[in-house]
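What follows are several structures.
In the two complexes that follow, chain A is the common piece, with chain B as its partner first and chain C second.
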Partner chain A sequence: MGLTYQSTGTAAFREEAFNFSADDKQPVIALAGNPNTGKSTLFNLLTGLRQHTGNWPGKTVLQSKGSFIHQGIKYTVVDLPGTYSLLANSIEEQVARDFICFAKPDVTVVVVDATCLERNLNFVLQVMEITNKVVVCVNLIDEARRKKIQVHTDKLRKMLGVPVASTAANIGEGIPKLLDLVSKVVFDKLKPKPVQIKYDKEIEEAVSKLEPKVIEALGSELNSRWVALRLLEGDTTLIQSLENYYGKQHLQTLQEVLA
Partner chain B sequence: MNSDNSMSSLLKEAQGIIGPQQGQMRDRIVNSIYQTAESIAASTVSTSGKVDWDRKIDKIITSKIWGFPIMLALLTVVLWITITGANVPSSLLAEGLFWIEAKLTDFFMAVNASEWLHGFLVLGVYRGLAWVVSVMLPPMAIFFPLFTLLEDLGYLPRVAFNLDRFFKGAGAHGKQALTMSMGFGCNAAGVIACRIIESPRERLIATLTNAFVPCNGRFPTLIALATIFISGSVAVTFKSAAATLTVAGLVVVGIAITLLVSFLLTKTLLRGIPSSFTLELPPYRKPQVGQVLIRSVLDRTIFVLARAMIIAAPAGGIVWILANTMIGDTSILALVAGWLDPFARHMGLDGFILMAFICGLPANEIVFPILIMSYVSGGAMMELDSLKALRQLLVEQHGWTWLTALCTTLFVLCHWPCGTTLFTIQREQKSWYWMFMAALIPTLVGIVLCIAVNYLVRGLGLV
Partner chain C sequence: MCPTLNNIPVGCNALVKKINASGIKKRRLLDLGLVPGTKVEAVGRSPLGDPTAYNIRGAVIALRNEEASMVQVSKLGN
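Right after this comes the complex of A and B.
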């Protein structure tokens, strides 16, 4: 199909590629994160839906969608399958990556487990490479407190360059603050400036050579640095997804740019 | 020119820039990400005097010595609570519902309703509902919340961890233990859970063998049969304990069959080597007990009632019609049962039992109710408001022995999964062939097993 993101706008593109209903013009919030960090609990809390949440990694295999109202504005929220990375090693990882990358949620809330922050940060960093519109939700702080683990959210916010809220979604703690941050990012009252990962010299040099060509080809639709990195590691799944979501027509215009 | 070229030219460009070491790029990129994460975590997280209880508990729960006894003990406890807990509500519901039936009959008499209308609505539709609600609902409404609690606690991945080496040994994926555990709740859910297995071959094995785990809809039948047949031979005090152990034993048999069939599949239809994986043991979490109990008891009750309305009630009506439509001087029901009977006898069953299984395709919950109804309908009316009366019906009027009960429970454990599960398998695998195989494999296993047990026991002269 010939619909492209630019020509018809985000809403129509989401409708075609990700099954959003046509009148869904509301801001879209994606919940992403490692498995078993409480995304579904948060999702249920926000939407009032009652998906069963289990305590094992991989419980959410379908992405599910709901909506909630915050300060008079209706938001659509999507619960993505939990993954350890966005490197498209599995179908779930690809689903999560493609959603963040192509459906362009207005905010991606990365839910992290306060009791094992380090592993979760790997994922946060990968999301921040794709999109600026990130809010980090340090969840399960009640459990962290019990285990005497303290996460310094202020410092985390400064080091990551994105808003951070700490929550215990199972008891509803910290949710108003989280929603506040989310709405601020949606309406550009808060502009996250995610920290960039520094790669080794050779990679950085290669990226700076390739990035201009990516910009020439894709314009500003995708994060060019991120695409360049994927190309450098020879990630063919991304190219497949590009074709799936942007269609042949669009790639033909790319073609002309490159020729 | 086609569009593939534009992207592949970019890819080629990338290859040119990075040179022959592209293969190591991902590792180096991931490495940088990890280092960044590590340094950020190091300066934002502090811990004080942390005792890692999770690891300590895991050491015991997943230990080679204690892992299995603890698993069996938990299974037994859950089943015991289900069995003893279901007794009282079951008999209360039965008394209440059959009291209502009597009143309904009075009412139909009073308004001079025709006999077939009364038969169809009261003895068919209503009675079908009443049996599902009184016999099946209480165990389901107790077992499911308990199972959910264990799941929320984080115990299921530990089960997977314990069973991992067995599944590896069978050439299957270790996560199959997890999908199997989900199957206890519901086989359709277990089949959906198979998505966590990445390799298509191993996912298929897990899908095809999921039905060997008795789901929530089949447990009550196992429980009822165990209770009826154990209760006659043991003193009352040990009644539920003995029934519990029997059902727990059946579950273990189911797991053994799962492993065996998985092994056979990897040697025949689905050859390959097991892929390795890392199973993360999630932290133990305190389940939200109150919420889980209230919600899943209610959800289960509503779910079962809804299914009873949609499936059991019409099925009851149809069974009544079949039992009361005569061809010559026998009913259609008796004809079909008679036709199935010779084969069923080889399996240690009878025609009615096999027919009930076939009628139970839409939902396993209705197998036992349909069996009771087809035994009762047309025959002598009796008050069936207790398990003792059921025993009388089965043993005295239809010649059941403990061997009949054993073969029936084995067939409950090994036969085609319910319609919902089959539909789910078709949707997940996008293949009618594998859906058919998913029904065929457990059925063949069940038939072979029943025939073997039947002839073995009879051959040894134990009955």
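Right after this comes the complex of A and C.
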């Protein structure tokens, strides 16, 4: 592919690398999360008949894309495959990771299951390591109520540093509040400040050595801290994706450092 | 020697002690929720004995024996 994000702009990049059409220039919302948390239910509710499906470029994984209008503004929404992590262990994880990382949605809505929050929050943290533009949607809140589980969304918001809304997507509960938060983040009226995970001293030292090299090689388009962490972890799939989306020449500096 | 997750009979619980793996393999198991201290139940085994389905922190996830054998556990009974 070898086209550079910097020179073509976000919309054109999405068009070329992620099968977006030219009229998808409106804000892009990604729905991400663990399997079975209600992403597709939310997607269907938002988009109704305004959706189309195909495959992700070069992948056998289904791509569902649609649009909706909120307060006079049209949004594109993408339903990502459900995964437990974003480490590209599988094609689904790679699709989700690459979309969040390279297509840079204007907001990534992380849909979590209110009845087992603890298992979902690991994924939330992984998304928050890549992007600040995160809204957490605590879905299946009706199920939680039924099971007498109370979710303190306000505490969660403070702990995570990102907006939180609770919903029951199957009956449309909580959707106006969710869309309100999403649009505020899109238009920078609300600036999420996700908590940063501090790693062991050893790792943090390595990150601070590597990060400037990452910035040198890739500019500030990607979250350099996150890229540095993945490189330290030996994540070869990210290097491959970087090559695909950014072209080989940009990676030369980086590879020299890693050698 | 401590048992590993693949040795847990269907219907029984176990407590995760340690992941005997490193790098991406270890990270993957951690991401599935297999953090030390986590209670796991074996909920079903395929007819051929592999893979096995486990309830891990509220989600049922199938693991191959090869993966489950990297998870050191202590038995909790049923």
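We adopt the following convention: the second predicted complex is superposed on the first by the 232 of 259 C-alpha atoms of A that agree within 3 Å, B and C clash if a C-alpha of one lies under 4 Å from a C-alpha of the other, contacts with A are read in each partner's own complex, and residues count from 1 in each chain.
The rule we apply is simple: contacts are C-beta pairs under 8 Å (C-beta built on N, C-alpha and C of every residue); 3 or more make two chains touch, one makes a residue touch a chain.
The model shown is predicted, which means the values in this text are computed figures rather than measured ones.
In the superposition on chain A, A:209 makes contact with chain B only, while chain C stays out of contact range.
Contacts of A:239 after superposition on the shared chain: chain B is touched, whereas chain C is not. Once the two complexes are overlaid on the shared chain, A:197 sits against chain B while remaining clear of chain C. Using the contact criterion defined above for the overlaid structures, shared-chain residue A:231 touches chain B, although it does not reach chain C.
Number of chain A residues touched is higher for B, counting chain B against chain C. On chain A, the patch touched by chain B and the patch touched by chain C overlap at residues 35-36, 85, 87, 115, 118-119, 122, 126, 233-234. Every residue of chain A that touches chain C in the complex is listed here, in rising order: 34-36, 84-85, 87, 89, 113, 115-116, 118-119, 122, 126, 233-235.
Of all the residues in chain C, the ones that touch chain A in their complex are 23-24, 27-28, 31-33, 56-59, 61.
The residues of chain A lying in touch with chain B in their complex are 35-36, 50, 52-58, 61, 85, 87, 90-92, 115, 117-119, 121-122, 124-126, 143, 147-153, 155-156, 159-160, 170, 195, 197-200, 203, 206, 209-210, 213-214, 217, 228-229, 231-234, 236, 239, 242-243, 248, 251-252, 254-255, 258. Those residues of chain B lying in contact with chain A across their complex are 1-11, 13-15, 17-18, 22, 25-26, 28-30, 32-34, 36-38, 40-50, 52, 148, 151-154, 156-157, 175, 178, 192-193, 195-196, 198, 280, 282-285, 287-288, 295.
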